[in-house]
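Okay, so chain A shows up in both of these, paired with chain B first and chain C after.
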Partner chain A sequence: MMADDKENLRAVWDGKIPVCFTLATDEVFTAEQPEPMFLMLPRVSYLPLVTDKVNRHFIRYVDPDDHGEMWLEDEGQPLKWHNPIGVLFDMAEAESRLPWTLTVHFQRFPEDELFHCSSKEVVESYFMSMVKEADCLKHNSRIIGNMQKRDHKQLWLGLQNDKFEQFWFVNRKLMVHSEGEMFRHIPFRIHWGDRHFIQKLIKPVSADGNAVTLGDLLRETVPEILPKEDSDASSHRVIIQGCVLPPEVPLQWLSEHLSHPDNFLHICVLSA
Partner chain B sequence: MAAGSISYEDFKKAASYFIELSDRLGDSWQLQGTTDIYLIKKTKTTLFTNRLTQPEPEAQKLRLAETETVETENTFPGSEQRLSTDETAQPEVVTLAGAESAENESDEDVHTLSVPHETPVVCTFDYHIVYSHSYMVPVLYFNVYTQDGALLPLDDLWSSIPVHYRQSLDRWTTLTQQEHPHLGRPFFQLHPCHTQQLMTKALTDCYTRLRRYMVCWLSSVGPVVHLSMPLAYSTSC
Partner chain C sequence: MDEVKSEDDTVDKATIGDEDRNTEAVKTGEDKNNATLKTGEDKTSEVVKINKEENSDAVKMDGDKNSDAVKVDGDQTGGNADGVDASAPEAVSATEPVGSPAVQSDSPAARSDSPAARKKKAGKVDILFKATGNAPIMKKSKWSVEETKPVAAMVDFIRRYLKTDTQQSIFIYVNQSFAPSPDVALGVLFECFGSDGKLVLHYCMTQAWG
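Right, the complex of A and B next:
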């Protein structure tokens, strides 16, 4: 890992979002109204890993005989906790309305939209399934398959406890590629509107030996969002880790530097 | 391509062979999707569980429903025998769930201990076979609904899995909720990371490989989640 690489990775890891939590008004059971709660949430983490305090704070105000699993909503949209927080934030286009205000619910869990999350093991299980799929795409499962169970645990605990060094000590092994030999495929997911994610097989190098770029990936997967030939105006914005990136950035670089801890590049497509 | 995996084109061929076979045997697998295809099957199965908290009157209704619906929906013409043996070979009536402590007792004890607490619950299993481009193998997705339309939670699902599978599988790496790749809704997924390996061992004869791929794979992984395959599949493919 180069020194400036480490700074980049650290900056991505340290990205935080100011969030305000309020309890759904129709779920307040006590005479006393709960105070809102403010937290800075890491972009690269998952909601169930950082909202224990929110749960403890608001559960005192709901009907003790009629509440279930906590879930969060943003302007009518239940938040899919299995996506990294930064992806949820970018998709919500909430940078113009900070702090990002989320509504806390303990009733009517929308199980046709959200995964149940009874414990942190559920998050770990989903997270590891993503890491495994990413390594299958990058190295035909060679690296993850040769790792010890304790390496898997260290990767997970690094993320859960917000320990950059601990996480990257293992994660850099998943990012290896020898000189001239890049990843087999780039693990990515495109999030666009409320439809399901788009995922395809894309190699970082084309058949004629050129680096495949972000622009190439978009042309291959979502051609309808690119500007028409007779117009310069884009109808859509493409955001990765909160940043708008030029289309000529090589995918291999993006995958190594701007992937989330699950080793996937999460690409958000928004209307311009 | 690695042994045991199949390309998407081959998956489509294997899927259409499989549908042909299903139609011939009177099973109910259906092809869905146009450009990206997947297979679906719905079936009703009675689970005996003491974890589920069914109100009493509802439980009584379910007990009646069990005899009416399950018999008809799960009977294959001329296929009394099943591919696998032991627990999975029994009809779709599964006794287990939450009786973990009782499992270690003698057979006699299991009956006397668990029966008074158990409630038969008719569940609808919604199975989907979807191709994974990442792993280059078919993947089994499924949801289990109780009669009131609620999803059976992971705890209940896990405890209904035949005990010998539970002992050899890791709960947290075997079953996870995932977004259905074509529908975007939460579905349970049997993790595909060992499928390639399994199919390398299972399929050595290249000539009939695609004809047998789905039957061979599904009869290996299906019984984990109550999807048993009539013997007629293996004798006809």
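Right, the complex of A and C next:
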């Protein structure tokens, strides 16, 4: 790993979002109103991994006989815990309203919109599946398949405990490619509105040997969001890890540097 | 095995409509998971719509494409005679270039063809279920399923088909290597991990490649 590479990876890992949690007013059971709670949440983590404190703080104020699994809502939209926090934040277009204010619920779990998450093991299993799918796309599962169970554990614990070194010690093996031999395909998901994400097979190098860029990927997958030929104004913004990137960035570089810990490049499409 | 299946397939094609209707019926009823599926579908159907618009060229050419397809059909089934998938009624799906990741990703032409190719099948993908571990075998293992259906719907489907307890865990794996996200649409999995015109899903009652 080059030194400046590491700096990039570190910067991505350290990305944090200021969040204010409040309990849904109709779920306050006690006479005393709960104070809001403020936390800096890592972009690359998952809500159930970083909201234990929120749960402990607010659960004292709800009906002890009538509450279920905690879930979070942003302006009427239940937040899907299985997406990385940064993706949720970018899709919510919340950078203009910081801190990002989320409503905490313990009742009326939106069964039709969220998966249950009874424990951190559920997140672990979801996360590891994503990593495996990514390696299937990148290396035909060769690398993840050759890893020891303890490497998998280290990857997970690195993420869960916010340990950059521990995580990357294993994750860099998943990012290897030798000179001239890039990833087979780039693991990516395009999130756009309420739609299901878009995922396709895209190679990092074209048939004629050129690097495939972010622009190429967008042309291939979501051509309707690109500026029309007769105007420069684009109707959409494309955001990765909170950043707008030039279309000429090669996908291989993006995949190695701006992927989430699940090894997927999460691309958010928003209206301009 | 394949021989038996191919006979079955004709039956499949006929019964799938029914099965779908059954699914709808159940969906309007009771349980939570079904509700999940419904919203899932609603959302994906938007995607599908968009795809259609974006491929308006392809749509226009549909007629041509079909006749092409017929031609290819003949070729391909001939080529397939050594039998990756011996099922004659499935020839349509077997000929689709979408099925092979290699074809799809290597040539842009093949790629732009793929949504149109799938449309011929009215937005369905062929799924082959394979039991793993000590999971009971599904007598009818090959199904044509709407591409917008999420993986979670397949879990429900297997449960119903095998008449297992609703609490029974069912694990689904792709490529015998990873469990797909429950909210991923089958069309996406097919496009990324399908081969020979079908998507193979291994299922088991205990974690296999967990």
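What we mean here is this: the second predicted complex is superposed on the first by the 272 of 272 C-alpha atoms of A that agree within 3 Å, B and C clash if a C-alpha of one lies under 4 Å from a C-alpha of the other, contacts with A are read in each partner's own complex, and residues count from 1 in each chain.
What we mean here is this: contacts are C-beta pairs under 8 Å (C-beta built on N, C-alpha and C of every residue); 3 or more make two chains touch, one makes a residue touch a chain.
Predicted model only: the values in this text are computed from it and were never measured.
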Item to check | Fit-or-clash call for chain B and chain C when the two complexes are aligned on chain A | outcome: clash
Checklist entry - With the two structures laid over each other on chain A, which partner does A:Glu133 touch: chain B (first), chain C (second), both, or neither? => result both
Next on the checklist: Is A:Lys203 touching anything from chain B or chain C once the two structures are fitted on A? First, second, both or neither.
Outcome noted: second
Checklist entry - Thinking of the overlay built on chain A, is A:Glu220 touched by chain B (first), by chain C (second), by both, or by neither? => result second
Checklist entry - Between chain B (first) and chain C (second), which does A:Ser118 come into contact with in this model arrangement: first, second, both, or neither? => result first
Next on the checklist: Just to be sure I read the superposition right, which of the two partners does A:Asp14 touch: chain B = first, chain C = second, or both, or neither?
Outcome noted: neither
Checklist entry - On chain A, what residues does chain B touch that chain C touches as well? => result 82, 111-113, 115, 125-126, 128-129, 132-133, 136-137, 141, 185, 195-197, 199-201
Item to check | Partner chain A, residues of chain B touching it in the complex | outcome: 2, 133-135, 150-151, 153-155, 172-173, 176-186, 189, 191, 193
Item to check | chain C residues within the chain A interface of the complex | outcome: 32, 35-36, 38-40, 43-44, 46-47, 50, 53-54, 101, 104-108, 111, 148, 150, 174-175, 177-185, 188, 191-193, 209-210
Item to check | Interface residues, chain A side, partner chain B - complex | outcome: 80, 82, 111-116, 118, 121-122, 124-126, 128-129, 132-133, 136-137, 140-141, 185, 187, 195-197, 199-201
Next on the checklist: For a test of understanding, state which residues of chain A touch chain C in their complex under the given definition.
Outcome noted: 82, 111-113, 115, 125-126, 128-130, 132-133, 136-137, 141, 144-145, 185, 193-203, 207, 220, 223-224
